[in-house]
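Worksheet: the structure to be examined is printed underneath.
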Amino acid sequence: MSLAVVQSDPDVPFYLPIGQECALFEHAFRHRLPLLLKGPTGCGKTRFVAHMAARLGVPLITVACHDDLTAADLTGRYLLRGGETQWVDGPLTRAVRHGGICYLDEVVEARKDVAVVLHPLSDDRRVLPLDRTGETLEAPANFMLVASYNPGYQALTKSLKPSTRQRFLALDFGYPGEEAEVAIVAAESGLPAQRCRGLILLARRLRALGDVDLEEGCSTRLVVYAATLIAGGMRVDDAVRAAMIEPLSDDSETRKGLLDLAAVTLG
Amino acid sequence: MSLAVVQSDPDVPFYLPIGQECALFEHAFRHRLPLLLKGPTGCGKTRFVAHMAARLGVPLITVACHDDLTAADLTGRYLLRGGETQWVDGPLTRAVRHGGICYLDEVVEARKDVAVVLHPLSDDRRVLPLDRTGETLEAPANFMLVASYNPGYQALTKSLKPSTRQRFLALDFGYPGEEAEVAIVAAESGLPAQRCRGLILLARRLRALGDVDLEEGCSTRLVVYAATLIAGGMRVDDAVRAAMIEPLSDDSETRKGLLDLAAVTLG
Amino acid sequence: MSLAVVQSDPDVPFYLPIGQECALFEHAFRHRLPLLLKGPTGCGKTRFVAHMAARLGVPLITVACHDDLTAADLTGRYLLRGGETQWVDGPLTRAVRHGGICYLDEVVEARKDVAVVLHPLSDDRRVLPLDRTGETLEAPANFMLVASYNPGYQALTKSLKPSTRQRFLALDFGYPGEEAEVAIVAAESGLPAQRCRGLILLARRLRALGDVDLEEGCSTRLVVYAATLIAGGMRVDDAVRAAMIEPLSDDSETRKGLLDLAAVTLG
Amino acid sequence: MSLAVVQSDPDVPFYLPIGQECALFEHAFRHRLPLLLKGPTGCGKTRFVAHMAARLGVPLITVACHDDLTAADLTGRYLLRGGETQWVDGPLTRAVRHGGICYLDEVVEARKDVAVVLHPLSDDRRVLPLDRTGETLEAPANFMLVASYNPGYQALTKSLKPSTRQRFLALDFGYPGEEAEVAIVAAESGLPAQRCRGLILLARRLRALGDVDLEEGCSTRLVVYAATLIAGGMRVDDAVRAAMIEPLSDDSETRKGLLDLAAVTLG
Amino acid sequence: MSLAVVQSDPDVPFYLPIGQECALFEHAFRHRLPLLLKGPTGCGKTRFVAHMAARLGVPLITVACHDDLTAADLTGRYLLRGGETQWVDGPLTRAVRHGGICYLDEVVEARKDVAVVLHPLSDDRRVLPLDRTGETLEAPANFMLVASYNPGYQALTKSLKPSTRQRFLALDFGYPGEEAEVAIVAAESGLPAQRCRGLILLARRLRALGDVDLEEGCSTRLVVYAATLIAGGMRVDDAVRAAMIEPLSDDSETRKGLLDLAAVTLG
Amino acid sequence: MSLAVVQSDPDVPFYLPIGQECALFEHAFRHRLPLLLKGPTGCGKTRFVAHMAARLGVPLITVACHDDLTAADLTGRYLLRGGETQWVDGPLTRAVRHGGICYLDEVVEARKDVAVVLHPLSDDRRVLPLDRTGETLEAPANFMLVASYNPGYQALTKSLKPSTRQRFLALDFGYPGEEAEVAIVAAESGLPAQRCRGLILLARRLRALGDVDLEEGCSTRLVVYAATLIAGGMRVDDAVRAAMIEPLSDDSETRKGLLDLAAVTLG
């Protein structure tokens, strides 16, 4: 069985739903509740948020979080301009001031003070206090806070405190089903669906290995890379090696096993 | 038995007392003693303080503390304006200078130098020395210092020193009783009290698991989220999963158990 | 037997001596030797210093030390004013330049470079070199350095180096005796001495538990809090719980034991 | 068998392919996919990238990553010029703005926030958001991101997160084959190929020891150094010791063994 | 037998030699070699250096080193003055530029970059390169570098690297002998030598305990403190407790033992 | 047998070769290859480099590396001058811009980002990219990079990465032979060679102990110090103790053993 992929509005990024995630997102948006997306790398979380933002007709501001990201990076800071310090809004403040979805990708990576600016925005107060300017911004109806993280490889020292987690609705986000993934890869790469099928099968076998032998299974993104290279004329085994095997492991024994698995799967 | 919820003044945030906490707060305010609220996430500490501030008719300044919060973030700093450094009061200084309640949420998260500015404010001196400006502010009669923390998940390296703790009256703040929580959730979500009852029962069962299987039990806030989604037309099991199960755990075995518990409880 | 509390000069803060501490302080001041006060939280060290400063007729500058306190916080720094950097004395420099007692509360908490500015001030040189300004200030006859710390909960990584300790006279500062504490609490709270007696008894029992079950015993300050609440009309058990039990422990079993002890003691 | 080395275009740096790496690089460039080079020190990764940049006719910007390299070092920062802060592009921003290959050498050494600026550039969005200036640059068709790292000596605390790795095509880059290495060393050093042969043999034997006795085997670069010294008139054993033995180990026993191996090999 | 203390020049600080240290210091000064003083707290190192500086007729610049002392603190830095950055010499640079003894007290406490500025000054080059100003200062004949440290309580992570140590002549500096110490204490405190004798005896017994029971034995400075208090009219046991017992230990059992020892010794 | 020390050019610092090190240095300089000197403290590495720089007629810029030395300290930085930021070359940049030898003493002590600026300078590119100014400097023919380190006491966390090491020719630099050291010490100290002989013998015996009992053996520099003091009239045993024993150890048992060894050796 093959899925029919319909994407009526060309300005809305392509996204193939795999469950009730679109309904949940809309409920959250409507009730002004923040949403937490949990799931592995490259399974489509970023695309999903971009898709929903376009469907809801609101701007999307994405912030990739990292070890050194501070609250000030989100809220803004004073810069020296012409001898004057001048306040410049950060991405979160822009989303609160003008409306839109603020998407904090891999939020647990951020510095701890980030949780603090999120707290008053993510409970019923929905305000963003800017101590440096003395303002307290009230979030408009079309502001929504979305955060993601990957529970698969959180270090022990990095996790969301309950006081932060328990301010979000949460959604477990996995890889798409087989038919859905065939449709996605074909649409993204331009490779006919029939030729994508073996790559998907390999990806699913690699994910089954994931917990034991690999740090993380093969993402949909990497399958799209392989299909793109093949559609561009590269040999299947070279493309699979460069896009689906080498990125997964540095251990030569492991890679040899993965290459054997690829050879068997792709026949 | 159902509680009668009365909220006469529309400007006072809704708060349903669960013990003598309002009387203690008023005594502390009257005798100019600082107060420490101890309790789990989302049980209503922030709302309680907002409620009391409105009842007492004093401004409330809330500071969510975090790992990088320093004394200067509370007291103020010099900023460069037009080539001149100009002093800008921080939130604590504003509360001391103009009166009001300064609420330091999760105070143990703050940097250690914060304790220092609190000490002379929280004993009988009630002064705030500002070394940078050379001022020593005397707190007015309507200044009150309130701090909160969550004893449930304090890291070993993070705790209040006795020299700080022993400057505060303290209040142990737990979840509301069953009838009170039904009343609160119904009032907050708009879902009829009768339909809230099962959600409360589930939350109480999840809290009973809390110490063993979860980092922290289900907060009243999350029950309000679930009730809000249900009131908005979402299916009960989808709402409960997104609002009361997924936020509590990332472990798939644990979540499966919680979903079973939810199914049994909500029948 | 009850002590007669006499406080002739209304500008001198109330302090009830518990031994030869006033004589030692005066000797130290007269011979220009620095003094180290060792003792638990809330036993009256800060009040003692304030009392002696007033008796000796010299200004008192108190600095609460903390993890991030640096030598520059004590000595001063350059600030930008109108495009010029301008030196601003820190609290220690002000005390050296104009005379007075500089009291460093919990000195071991400070950063290590603080010891350095104290060394030439605390031996026979009695000078404060200010490298940044090129000055070397000589301390006047009425300058005195006083420091305190709490030996009860010093982390292993935090202690005074012998090269610093051995520059100070030292005084072990404990809780006042029973009659003295009754007199102090009555004077501070306005509660009749007879009604203070049970609270003092409870505090002494709590201190006896201190080393085993609590991080630190109940301070005189907390007894004053409880007496103040009772004098203000609060029920004794509510006041004791909020002021003398909850601040001591977060463990529910421990607190239950403390409440039983309070019930038995206060009958 | 000896390889014929042909280098038609004098502006293209000399590079002798050892597999399909040139084709893969061109595919990646054409499909706008980022590429990760994995391999040991001095095997020719930097030269390969320089060669491909010249062949593709695009500028090359190389950034050697290190422990203190931050996102701002890559994207740019404000500098004070004539009293005005003025934005100055970093190397990554220059490559995105004007086109070209940005090569991040030893990318795992960089600070964690670097991954963040790479993420939106290395998936299908191909954008570089500059929060400080408010710009979002779209990468032109001739922008390509290349990164390298050395899996052989990654500290446990330093690795690429799956969310970063799975955005790159990857290529395992090893030492050249024997004949190829002879050709390379002769071309680089000016020493006749026949005289290079023994040095290559020694290098290959040293690499075979590598995993057990040395932190890393002898690079092609060091062989070129030895050949250069010999071509310049230095005695073979002095040149080999200075260029191929002393750089590999500080342990005198180990070096003695390596010198014996060199004596036996070079006869 | 009592020593005759002669101090002809009133401008030369009193110092009673305990060995050949004055001759060694003069040799080092004459041959322009740096000198390292090793010894416990309060045994007279600082006074010795002050004495020698006065005898040699050169200025003395003392820097108490600490954890945060950097090379720039010694060499100097640019400060903003009237919109211009202006170089301000640090204490080491002042000593090199104008001649004199630069004494770095507890040099191992300083940051590691300090060693670097000392290296070219402490070998035969005797230069101080100032990278920030582009100058290389040559030390004049009357410049001498003296450093001290206390081998008794060096943390394992803090020591002088051999490359630094082996640039200094070194001198082991202990407590003075009994008669010398009596003479010193009497001269410093004004207490008759006969009354000092028991205090010295007690100090020597405390030092004998030092390695086992105390962090460090009783310094000569503390004996001077005790003698000063006694000369000022304080009771002997109170003075001894405040000056020689309380500064040595916080442990009540230990202090009880020390007080017993004092009682027995002072009879 | 005694060596004839000839030093024709008075501007060339005295250096007595102990092997082929001068030839290797000249080859490296001629072929524009970087050189790494490995050896213990005080064996003459710095003098050797100064000697070769003078012989080759190129300026020498020495940088003593330390824990806090950053790439910017080597390359340069912007300083504020008259309201303008103005670029000031660091020592490495000056050597690249104007020619000369840049000698990085104890290079492993430097911060990790230093390796990065060295990489493009130490392979065939020989360029120094200055990201802050946008320049890429090409090293002139008379630029040479020399680095040193001491393999004897490298902490485990401090070592040269293979990717850095394998860019350098390397030279193991030990103590001079007995006759050479006699010649060196006599020439440096002015003490007749015959009287130096016993000191050298003692130094060699101390080095033989080095690996077992001492952090590092006695350097040639310390022998020169001892000979200088003796030539200046100091007693041999006092000079040996101050210059060759006390600098080696703080342990009293060890020093006693060393003094016995000195007494036996110097008879």
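By written order: A, B, C, D, E and F. Residues from 1 in each chain.
Note that in this section a residue touches a chain if its C-beta (ideal position, glycine included) is under 8 Å from a C-beta of that chain, and two chains touch if they have at least 3 such contacts.
Since this is a predicted model, take the numbers as computed values, not measurements.
**Student:** Kindly list the shared contact partners of chain B and chain D, in label order.
**Tutor:** Both chain B and chain D are touched by A, going by the contact rule given at the top.
**Student:** Per the centroid of Cα atoms for each chain, what is the distance between chain A and chain C, given in Å?
**Tutor:** Averaging C-alpha atoms per chain gives centres 53 Å apart.
**Student:** Between chain B and chain C, what distance separates the C-alpha centroids? Give it in angstrom.
**Tutor:** 31
**Student:** For chain D, which residues are shared contacts with two or more other chains?
**Tutor:** Touching at least two other chains: 80, 83.
**Student:** Beginning the circuit at chain B and going via chain C, which chains come one after another?
**Tutor:** Order around the closed ring, chain B first, chain C second: B, C, E, F, D, A.
**Student:** Write out the stretch or stretches of chain C touching chain E in their complex.
**Tutor:** Against chain E, the touching part of chain C is residues 20, 23-24, 27, 30-31, 33, 36, 38, 70-71, 78, 80, 83-85, 111-113, 115-117, 119-120, 123-124, 129, 131-132, 134, 151, 154, 161-163, 165-172.
**Student:** For the complex, give me every residue of chain A touching chain D.
**Tutor:** 40-42, 46, 62, 64-69, 73, 79-83, 88, 90-91, 105-106, 109, 150, 152-153, 188, 215-216, 218-219, 221-222, 225, 228-229, 232-234, 238, 242-243, 246-248, 250, 255
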